[in-house]
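Next come two complexes built around chain A: one with chain B, the other with chain C.
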Partner chain A sequence: MIKSMTRSSVLNRTDYRSMLAGNEAYSPSDFELISTTILGSAQASVTFDVSALASTYKHLQIRIAAQSTTTNDNVDMYFNNDTGTNYSWHSLYATGSAIGADYSVNRAGIPESPAVLASSYNTFTACVIDILDPFSTSKYKTSRTFNGRAVSAGYYVSLSSGNWRSTSAITSIKLQGRSNNINTGSRFSIYGLKG
Partner chain B sequence: MRALISTTTVGAGGSSSISFTSIPQGATDLVLVISGRCDLSGSMGSDVMLAFNGSTANFTHVRVYGNGTSPYSNVSGTGNNLGGITNAGNSTASTFSAITLTIPNYTASQNKTYSSDSIVENNATGFYSMMTAGSWASTAAITSITLTLEPGANWVQYSTASLYSFTKGSGGASVA
Partner chain C sequence: MPTSTYIPLANLTLGSAQSSITFSSISGSYRDLILVCTGTSATGSNWTVRPNNDSGSNYASVYMYGSGSTAGTGTETLTEAFGGGIGTSTISNSIFQIMDYSATDKYKTILNRTNRTDDATYAWANRWASTSAITSLVVRCYNGANFNTGSTFALYGVAA
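Coming up: the complex of A and B.
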């Protein structure tokens, strides 16, 4: 509501021919948040339905900050509810006192966040998963993961990979605690990258 | 803000290189995302070599990598202009690498640095997981990027490479 106006404010004005009025045009990013799930209570798994994303995004990224309910655990990833031994996994890791490489082939699921800490440590393990070309029907699906935590209970950092031997387009991504539930407050976000 | 510049998908018959030319100069950083495979026989993985503005000179790099059983590290041990590693003929069929390469300040009048992480997955003991940090001793703005492989190798069909730009924001207070 205009309460007052001076003559000079009307005369000493800047005229614009564009509705932008001197501002920069808005260009939306090609990297977009699709959805976030923050657990209000402990649960066994989180599932993303990505079946409608193929026409919009070329790659996907999942970001996790997770904690286990009781003992240290793993969070495993499954595509399209395939629980068969159609996955492989490899890791380059370090613990502060050791560096090593590990692997597991012909396995069920991809361990995306090894050794998620128990809630007693009051720390959430960070994890970023990239899945390139998840909707391609010409490729097996490869994931790349950075994860880690830095607490005296157990330092851990790794660059790991997973492969799902299927040329089906990914329609769902399930992240599941291996032995325990995933604790309240754990966050799972999925992003799409256009290409 | 990340903006797609362009995506290249290798067609039937393959290609010896993937190139991005006439790169717009108005952004701050560049990011390359590669889902690739090559036809190099007898190997699980092939090095991915970089050329900036058509030049493969004045590069150096350091890398740490694992092959499924052991970790390794070296400096410029496999050609100075190493950008990453991609799946080759001996790796599991239909399996493509995941590579992300970042080049900050690509237009600055300073020597250029880059970092990358690469994954070569394989349903067997052997694989590659590699992190690389490199530099290109040139103050020229980067206007083109070319990705090649080990001698004689070609990118195979369905390999894709997407180039993105990041633009710094404006405003905000400087902090001493």
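Coming up: the complex of A and C.
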């Protein structure tokens, strides 16, 4: 791809064999934005169809800024619409006044994807989720999450890991409010990392 | 069509000690910013960032840390967004994730992970209570100490 032609490359009459002569080489990143959803109205969930990505990407990252509608809530993550108790989860968390750990095994979905506040607090929880080897058919799937928000009504920061006990390649990722809708303005972006 | 992203916007290695770094005229064409810092400081402090050089009382922060012998948590409501500790000899690595930085309809949430092997590992969440788009970032030590020569600062844009 030619980005621009430099004057010297035209006038110096040098024979270049490269179409990029005179231009800085374009090196595409191996980290690519696949899609972004910004909610124009509150809705129960956001789903990413990743069924066509297995041949292109090694890992996935989801970046989120979200809030709930009426009350504080949790966004749970499901793979391939599996709502069975096929997930495990561990968390290290802090609220500013307490630090602790939490876990659950044989649960439905991976929580804190993210942990969200009611819209009345005017604060979006930031969340970065890494899903490692999502398309492998020889291993269970692992996710790691960093999420947090800072407001006096609900300080929270956590590092957590999730596990989906399935060797199926992930074809869809659903992020669903557990009790409430996810509020307008919440943003969900998914990225692929080539390997 | 996928968009190649995680674009390096600026990269700086200090040739001499200085008290702050400013990234200005930040394009609004990305979704998030990622600021990667490594370095030491003249005296021990915390990494901090000020969006648009706002030094008003417009910030809230919560943190947790583990030092190997102690785990702790706390909150701050000060005049900048916080990261973990920076020291005088052992390199500290600190990564700020600034989400939806150019949005004008929401306050900004900034996550931080900091690691320093002679101190602790940290996780922070911050809120900058402004709906202004972030067009500049000032990076500094909370106590105003100089960053030492060799400290590095790299700013990346993640596609919208």
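The rule we apply is simple: the second predicted complex is superposed on the first by the 169 of 195 C-alpha atoms of A that agree within 3 Å, B and C clash if a C-alpha of one lies under 4 Å from a C-alpha of the other, contacts with A are read in each partner's own complex, and residues count from 1 in each chain.
Methods note: contacts are C-beta pairs under 8 Å (C-beta built on N, C-alpha and C of every residue); 3 or more make two chains touch, one makes a residue touch a chain.
In this text, all values refer to a predicted model and were calculated from it rather than measured experimentally.
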- Report for A:162: first if it touches chain B alone, second if chain C alone, otherwise both or neither. first
Just chain B (first), just chain C (second), both, or neither: which does A:191 touch?
second
Review point. Is A:150 touching the first partner chain B, the second partner chain C, both, or neither of them?
Key: second
| request: Using the superposition on chain A described above, determine whether A:95 touches chain B (first), chain C (second), both, or neither. | output: second
Using the superposition on chain A described above, determine whether A:52 touches chain B (first), chain C (second), both, or neither. neither
Look at A:31 in the shared chain and tell me whether it touches chain B only, chain C only, both, or neither; answer first, second, both or neither.
both
Dual-contact residues of chain A, meaning touching chain B and chain C, are 29, 31, 92, 99, 146, 159
Residue set of chain A touching chain B in the complex reads 27, 29-31, 58-59, 88, 90-92, 99-101, 103, 105-106, 130, 132-133, 136, 138-140, 142-144, 146, 159-163, 165, 167, 193-195
Chain A partner, complex, touching residues on chain C are 2-7, 31-32, 59-64, 71-75, 77, 97, 99-100, 105-107, 109-111, 113, 123-127, 129, 158-160
Residue positions on chain B within touch of chain A in the complex are 1-4, 7, 33-35, 64-71, 92-98, 100, 117, 119-125, 127, 129-131, 157-158, 160, 162, 164
Counting only contacts in the complex, chain A reaches chain C at residues 28-29, 31-34, 36, 56, 63, 65, 92-99, 122-126, 128, 146-152, 155-159, 185, 187, 189, 191-192
